[in-house]
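Presented below is the structure to which this report refers.
Going in written order, the chains are labelled A, B, C and D, and every chain counts its residues from 1.
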Amino acid sequence: VPELDTWRTGISFVEPGRIVVRGYELPDLVGRATFGELVYLLVTGRYPTSKQGRMAEAVLVALADHGVHAPSVLATRIAASAGSPLQASVAAGIAAVGDHHGGALAGAMQMLEGIRSAGPHDATMRRAAELRVEEALRDGTRLPGFGHPYHRPDPRAQALHRVVNQLGCSGAATSALGLVTESLSASGRALMPNVDGAAAGVLLDIGVEATIGRGFFLVARCAGLVVHAIEEQQRERPFRTIAPEHVTYDGPDPKTRASPPCGANSH
Amino acid sequence: VPELDTWRTGISFVEPGRIVVRGYELPDLVGRATFGELVYLLVTGRYPTSKQGRMAEAVLVALADHGVHAPSVLATRIAASAGSPLQASVAAGIAAVGDHHGGALAGAMQMLEGIRSAGPHDATMRRAAELRVEEALRDGTRLPGFGHPYHRPDPRAQALHRVVNQLGCSGAATSALGLVTESLSASGRALMPNVDGAAAGVLLDIGVEATIGRGFFLVARCAGLVVHAIEEQQRERPFRTIAPEHVTYDGPDPKTRASPPCGANSH
Amino acid sequence: VPELDTWRTGISFVEPGRIVVRGYELPDLVGRATFGELVYLLVTGRYPTSKQGRMAEAVLVALADHGVHAPSVLATRIAASAGSPLQASVAAGIAAVGDHHGGALAGAMQMLEGIRSAGPHDATMRRAAELRVEEALRDGTRLPGFGHPYHRPDPRAQALHRVVNQLGCSGAATSALGLVTESLSASGRALMPNVDGAAAGVLLDIGVEATIGRGFFLVARCAGLVVHAIEEQQRERPFRTIAPEHVTYDGPDPKTRASPPCGANSH
Amino acid sequence: VPELDTWRTGISFVEPGRIVVRGYELPDLVGRATFGELVYLLVTGRYPTSKQGRMAEAVLVALADHGVHAPSVLATRIAASAGSPLQASVAAGIAAVGDHHGGALAGAMQMLEGIRSAGPHDATMRRAAELRVEEALRDGTRLPGFGHPYHRPDPRAQALHRVVNQLGCSGAATSALGLVTESLSASGRALMPNVDGAAAGVLLDIGVEATIGRGFFLVARCAGLVVHAIEEQQRERPFRTIAPEHVTYDGPDPKTRASPPCGANSH
């Protein structure tokens, strides 16, 4: 059984007067690295090139907020409305990031990784993308990173691809994303990559592993959660709830229930 | 009672094909703004100047990680060790940011705001700083943003002050911090500002309000929590616990306890 | 600085083959104590009398669920809807218990404690209740434990008082609650105690301290959160959100915003 | 996309003056049902018989606390030590219940359900148990609900079996647990059921589904988390951390790292 008094870490090292992060003196990075560059260093263990750093920033910016609509923001604002402090409200929102919210980023990274690994030839990658699309259409499952309930297309995906092109740093994963899009189109589905799909391609192309995808989302969205919690605290009346007419009860009718057995309450 | 179907927000606006944040088209900011600049925009509602953005980045970098030692990281790694997924592990750590951890930043911002408001004259601010120090010494309370269990001085505070000087953007709050330091020294206490104190001065000087201080800490530290959770998942054996010999029980001796009353279990 | 390898507890003691809780062998309590009795033992350190145990059960039952309307349940169901697992969904709801939700229980306990301490004479307690009511009316603040957005009166408060009378265990705190009710009525306010107020009286009368009040609420409501999370997972489509027409944006108009400064994105 | 203004629930129904839970008037249950009976009603939708209720109580009592050793308690106490309020500290602990902590209960329920479904004949169930044990031994995986790092055997499992025998309510799932134990023994492994294994058998035998297993653990342990958080707040100095000598850093040596590229900080 691992104990609490034996900790091992390759992330950071602290001794009096000194803090080292992934082999760099943290104080040296203050004022030199942007936060996005530091996030890249933390998750990959490597200091980013200038382009890698700029792409990491672009992904973090694209994911930082999407309004009140996200389940994580709703959970955070409801907690704030109940009078819980900032950190507890943000924790409620972070806990509300799940497979259906933020999870598509990691799912799309896995999918693109699989297609990329069928390369390096275009033809074999294209075939892998077609097979993946056929599988989804046959099984009726969603392709992670494609489509959006509001946006057709998702302007954040377009923005990320603009930056990829400006910096000239498109790689095999972004190509794989394009191949999936083409394959969907050839199957008569005009689904476009959403922000998760575009970010998945970018992150893989700058060397971030799929297991870390959800981490980028958490760091980015944490910023949105913080400001939504503060806005709720400062501007809204407490205790958000729902009007009774918005609730349908379809459980058993009390009239059909016998009283609880007498024995139960006689103890 | 406020309902769930009436939401009002000044942060962001979403309609099909469009996402606006604080009055800016979010897609336009992708690739242009750094994440630190976006955080500044989100929390203050104003787009930062180049210097404000760089100071915001510097603060986020300084606060991003301090090793396994922080309670928030311990809570996160313990949750990850129990097999909870990434978002739940990070939520545990976010919930473990409290008045004694991360809270000093907001406390220091309030203190510096008070001293700054005694200005603009140096003499009146100095007097306010002296009074605040005298009060803390008399009451035996800690001055938020001063001192550190490991670091004397805290190298992150020094780094932030280096950047402040490089960019020439020292303001009244950073001056107030210096006045507190001098006043402590004059009282025979050689306490130096820690990272919370230095960040408090910087944030106030770039126009961030004290109520938002803890939010900066949460966003920054979220990055550390994410990588510590992933490292724990990937490298350590599950179920961290403590050895029995590290626990002292000082509750009642079972020998002195009567059995539970017979009546209690006869129902 | 307290370390992780030095733990002290008066709650429980574990050694191979043995678990002691508050001085009782836990295995001996399995099958003898009800869970409510164990909760009482854990929070007070004393084994309850039969009546204390039954009142503790009654309070836990009264607080266990109040439908989808509670902010904690909403946060939990939204997290479940986002695809987060059970423990993370329940954690989101627990974090959404705040001063405005669940907090009235502890607030009412403090208020009743204050009035009770003006006793033991009825006249002095009555005067304390009147002063407390006058203060609230003058300041326009809410009296914790009185009134409810849906229920007039709250049937759970009535049920708790019925049990108090059946068991003949009304005490000074429940009397204090009645004095506040009478004083309100004399002031022309027909506010009745809600479940928090009634539970506050009961808990104080069975010897639970005000600092522990919120704990009873958390344990009881945890049951509701668990079943709401499971119902959401099993019956509802994922990703609850809000329709755009339910959101009002009152932030800056993008047309009035200048573009982000060129300098910002030229790095 | 499901919206927030359309809620459907079979759990509870609230209208002015009325709260119905699973078809029972909640106020009628106050003072009649124990909390364990209510938990049973909430999770199964059926009012328990007296024996079912007593077994539910026994399981909740057995799981309520296991000292400071559990990861959930450690996360909760660390959050409390950081100065986070009660609900946030308990949320941190709830989020720290994962597959390796509390998860064995659901795992064991699934295993026993599988073996039970090979019945009703003893011989076919026994064969199913043997196959499951062989599979675990061959793959080197743990059998959920067997073995414990401290206890050999786990006294809570023994206590639950004592109550099962007293009440004469052993069923097929508890039999399946016994068959696994015998099959392990025949393979030369003297592993005994732990509290998760015993509780899994009991819960299945009283009609609780495997998907709900973790919910019982969460409700029960919530009680332990609450008292540990309060004890930490009331008795311990803030800010638990670890001594530097307990941390081993095995990341890159700063000496081997080049400075961050100049380009990175020149923007």
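Here is the rule we use: a contact is a pair of C-beta atoms (placed from the backbone, for glycine too) under 8 Å apart; a residue touches a chain by one contact, two chains touch by 3 or more.
All values derive from a computational prediction rather than experimental measurement.
Contact count check for A-B and B-D (C-beta pairs in contact): higher for A-B. Of all chains, the one whose Cα centroid sits at the greatest distance from that of chain B is D.
A straight line joining the Cα centres of chain A and chain B is 23 Å long. Between the CA-based centres of chain B and chain C the separation comes to 28 Å, rounded to the whole angstrom.
Centroid to centroid, with C-alpha atoms defining each point, chain B and chain D lie 33 Å apart. For chain D, the set of residues touching two or more other chains reads 1, 4-5, 7-15, 28-29, 31, 33-34, 67-69, 74, 78, 81, 84-85, 87-88, 91-92, 95-98, 102, 149-150, 238-242, 244, 246-247, 267. Within the complex, the chain A residues that touch chain C are 4-5, 67-72, 74-75, 78-85, 88-89, 91-93, 95-103, 149-150, 238-242, 244, 247.
Per the touch definition, chain A reaches chain D in the complex via residues 1, 4-15, 20, 22-25, 28-29, 31-34, 37, 45, 47-50, 53, 74, 84-85, 87-88, 91-92, 95, 149, 242, 244, 246-254, 256-257, 259-261, 263-265, 267. Remark: chain A residues 1-5, 7-19, 21, 26-31, 33-36, 38-39, 42-43, 54, 57-58, 60-62, 64-69, 78, 81, 86-88, 90-92, 94-98, 102, 150-153, 155-156, 158-160, 162-163, 166, 211-212, 214-215, 218-220, 222-224, 226-231, 234-243, 246, 266-267 touch chain B in the complex.
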